[in-house]
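A, B and C are the chain letters, set down in written order, and residue numbers restart from 1 in every chain.
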Amino acid sequence: MAKSGYKRRDNIAGYIMLSPWLFGFILMWFLPMVISIYYSFTDFNLLNEAKIIGLKNYIRIFTADDTFRQAFKVTFIYAIFLVPLRLAFALCVAMLLNTKHMGLGLYRTIYYIPSIIGGSIAVSIVWRQIFGNQGVVMSLLSVFGIEQKLSLLGNTKTALAVIILMGVWQFGSSMLIFLAALKQIPNSLYESARVDGAKSLRIFFKITIPMLTPTIFFNLILQIVNGFRVFTESYVITDGGPLNSTLSYVLYLYRRAFNYFDMGYSCALAWVLVAVISVFTVILFKTQNNWVHYESGGDD
Amino acid sequence: MVGMKEKKRVNSVLFHLVSCAVGLLMVYPMLWLFASSMKSNDTMFKDAYSLIPEVFDMGTNYLSAWRGVGGVSFMTFLSNTVFVTVTGMAGCVMISLFAAYAFTRIKFRGSHFWFSCVMVTMMIPSQVMVVPQYIILKKLDLIDSRTALALPWFFGTAFFIFMLVQFFRGVPKDLDEAAEIDGCGRISILFRILVPVVKPALVTASIFAFYWIWQDFFQPLIFMSTPKKYTLSLALNMFLDPNAYNNYGGLFAMSVLSLMPTLIFFIIFQRYLVDGIAMDGIKG
Amino acid sequence: MKSRMKRLAALLLAGTMIFSMAACGGKSDPADKATSDTSSNTSDNASNNASGDTSGDAKVTEAAKEPVTIKIAWWGSDKRHEYTQKLLDLYTELNPNVKFEASPSGWDGYFERLSTQAASGSMPDIVQMDYLYISTYAKNNSLADLQEFIDSGVLDVSNVDENILNTGSIGSKRTGIPLSTSILAVTYNPAAIEAAGATVPADNWTWEDYIELNTKVAQKTGEPSALNSIIGPFGDSNFFNYWVRQHGGMLFKEDGTGLGFEDDAITAEYFQMWKDMSDANVSPDPDEQSQLAAVGKEALPIVNDKAATTIEWNNFTSIVSGANDKLKLALMPSSFEGNGLWLKPGMFFSVSESSKVKEECAKFISWFINSEEANDIIAGERGTPVSSAIRDYMMKSGTMTEQQVEMFGYVDKAAAVAGKTPAPDPSGIAEVNEAFANAGNSVLYGQATAQEAAATFRKQATEILERNNAAK
């Protein structure tokens, strides 16, 4: 990078604008990150003096930990299914709510409720009620002649699907972001397209989607990150069971850190996760020039 | 002409039918929670799956919720939560806005590096951050203070910075360039030109910030130890011990009470999502 | 790159300085209440000062007792928080020089917070401690040795059973004082048993009787009848420990470095028994079990007269008495040579090693377990009181509910036949429990035979215990 690329005035202005965040970042993130990287090379168990043990934690992750593999598999499957499903659902509902109908405010609120109620005990009981062995879904299945001894939540093959479904159910945040983005598309674009006689499907693909790409990109990255960091769903609904079939990666490292007194190892697990997510994120950032449309002319 | 009208009506009925069906799935847990908050504690789980209480005991539950838990009243928890949420939200939205502006509209040395830092903070599980954060806050003598609760939010979060960055990028640069020629400074460009355009995004960010801070649980749980300074989510956590007699009625009643403000906040602010200020007339 | 690091360091320095300055400023001026919010220490100082001013004349009468503040943490439900606060107030009334900073908590998150506090050397002075974790804390020198206070007479444990007192001793240190005793029991529902035309358990019943009884009731109701609390037969290792002890072994070696029994057939037999019962719908399958785990103990079918028995600690009848006050306790079934029962400490009070007021803490704990006044307030909520004198006092006082009488009576009955209390659970127990649950459930799910699962459990448990308890 040539030095002439930056103006002194811009450098100063940039850092002034950035400084409040930078201050918080260093205090609440940068220093803790450094400390946790340090922990990941130690045998720290929260109660002892941490002793450096080199790469042992990382070696253990990749050579001697079956649960790690299981948790990684579960999380990977979760993310692969959750991301497209949640985005598609959120976008559809956002489009639906971006029309002109009565009571839109009410629907917006209702659809957002699952995200507000979060991972409370009420949710855990209700989801068991719906998908458990006396639940509505099982009765429905038996109406169609599908009789099973185990419920969807009790079956090691299907429990993860229920967890994914719950993730999709909490689509409210993505929906709101799409709604905000839809509002930002100038009406004039639609009007001129209509004047030109374009059909609504064509308008959707030629105007709506391209204008939404920055938001789709954002939501995509966000959901991938959140998908890999899934914790609440598997903690609240199944606690990782049955037989670790819904044990998410973060739930596993949480147990390692606080239940098994294995903080050093847990930190190592966390940084492995960061590395994995980074790979996906970097790939997506590299591809964005090909499909994301920025009105501001994109990244410089 | 009549056909058009008919079609519109059918469309509308269809829309409401689908919306209501999906909506029922969405609100069911909330309804359940509300129904349970009216059930008598001792028979709570005899009819756990029913929405109509067998034995009504709303008074006891809500009274117990109002009195609070651990010798601290509901109002104290509420005012703590409001303080932390409002402070955290204000700082979070403001500072994220500045950072996002810097990342998208100013070409400065190191911006790419700092932006990747933003992204990394989004990826690292907070479960392993909490111990180092505790140690730092302890050094700063901030442990067990409400400041410690607002602090992780106050200085902006990766989510909002990234989101606003994406929205700013959707705004043509000719807008601010025109303003710059008119002699506007950066701050006034940000507030006069960009903020109105990305208002829906800011409202969205505020809604998110509000309820995230409102129900923030894990970090507060670790950082706080004096009930008088607890937020509502910590108060709720004080109710349960699987090996003791539990006051589920009070818990559910307090859950309902603590959900209300988030819901009201959302209902008020979602209006602003309806009429986003479009860029009509400026472009095209 | 270099200049970037420099800039970062400078910022960092500036940041820390600003904050430490803010903190110092606050501290030196305790009157400035408006800003004191940012620092817990500040408000400490402020309140101490305030109390110093007002209790000026009290000091004259109270001799020269140093004012102390004890930080105390416990978990529980809101009922426990309420009366414990009353208890602390009463103690302050009796000992005006002692003030408390209480931090009550639910069970969830209690140990997460405690270990984080320990990591930064700021544990509360008195902590309620669980059997599950006491070894780990003790081994890492986080808990104080209270023996000196027992020797000096500050901490009176003369009415505490030797066996149960020793459960708080890790290595050579007395790191926890048990507050209550619990013993495994079969809680049964007479109404459900009667409805099925079966007879209620006798004290010398066997596992065959147990299965027969539950089969009868299950056939009558069509629902599983042999329950194991909300956690199931593999939920933690205590139920299994009873089984192993019946066979004359013990679950863990004294030093915690491995399993304390050699024969995997013992494990396999346990798995197989529950597998058979689960298949016959006499006990819940894992699916039904997780359904039970989602709601509280109050929701167990036995409370609703739909099941005959549940294996639980003996305080269960008392916990659910609000929903059903007709439940009774029977001794655990036994078909083998050894008697598996043992007195388990319900919970401990421990004093942190970092505490500066250890003696005052010991004094309070002594009062807590021995004072009649205190136990009037506690009213057995933390389990059967550990002091025999207090148990007698409460029995005589006539203030107890029928369920509490049942619970107390059971302790005496069971203690008479109970064996030696095992060494406290070794470090790594939470992980061992997880491995055990997975092994057991894999049998119920038909993914492994009982023998295979038993071998898997041994392999995993041995690895975990060695990793956690190997001499360092």
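Everything that follows uses one rule, which is that a residue touches a chain if its C-beta (ideal position, glycine included) is under 8 Å from a C-beta of that chain, and two chains touch if they have at least 3 such contacts.
Because the structure is predicted, anything quoted here is derived from the model rather than measured.
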Task: Could you tell me which chain lies farthest from subunit B when each chain's centre is the average position of its Cα atoms?
output: C
Task: Skim through the chains and flag the pair connected by the most C-beta pairs in contact.
output: A-B
Averaged-CA centre spacing for the pair subunit C and subunit A, given as whole angstrom: 36
Mean-CA-position distance for subunit B and subunit A (Å): 16
Statement: Residues in subunit A with touches to at least two other chains are numbered 22-23, 27, 30-31, 46, 125, 134, 258, 263
- line: Multi-chain touching residues of subunit B, meaning two or more other chains, are 48, 131, 135, 240
Message: Quick check on subunit C: which residues sit in contact with 2+ other chains?
response: 19, 112, 116, 119, 295
- prompt: Along subunit C, where are the residues that touch subunit A in the complex?
  reply: 8, 11-12, 15, 19, 111-112, 115-116, 118-119, 136-137, 140-142, 285-288, 290-291, 293-295, 427-428, 430-431, 434, 438, 441-442, 445, 447, 468
Subunit B - residues contacting subunit C, complex: 41-46, 48, 64, 69-71, 110, 113, 130-131, 134-135, 138, 140-147, 218, 221-222, 225-227, 237-248, 250
Query: Where on subunit B is subunit A touching in the complex?
result: 12, 15-16, 18-19, 22-23, 25-30, 32-33, 36, 48-49, 95-96, 98-99, 101-104, 106-109, 111, 114, 117-125, 127-129, 131-133, 135-136, 151-152, 154-156, 159, 161-163, 166-173, 186, 197-198, 200-201, 203-204, 207-208, 211, 215, 240, 251-252, 255, 259, 262-263, 266-267, 270-271, 273-276, 278-281, 283-284
Message: List the residues on subunit C that touch subunit B in their complex, please.
response: 4, 16, 19-20, 23, 26-27, 37-41, 71, 73, 75-82, 85, 101-109, 112-113, 116-117, 119-120, 122, 124, 230, 295-299, 303-304, 313, 315, 318-320, 322-323, 381
Message: Please output the residues of subunit A touching subunit B within their complex, sorted ascending.
response: 5-7, 10-11, 13-15, 17-18, 20-25, 27-33, 35-36, 39, 46, 93, 96, 99, 101-105, 107-118, 120-123, 125-127, 129-130, 134, 169, 173, 176-177, 179-181, 183-189, 192, 211, 214-215, 217-218, 221-222, 225, 228-229, 231, 250, 253-254, 257-258, 263, 266-267, 270-271, 273-274, 277-278, 281, 294-300
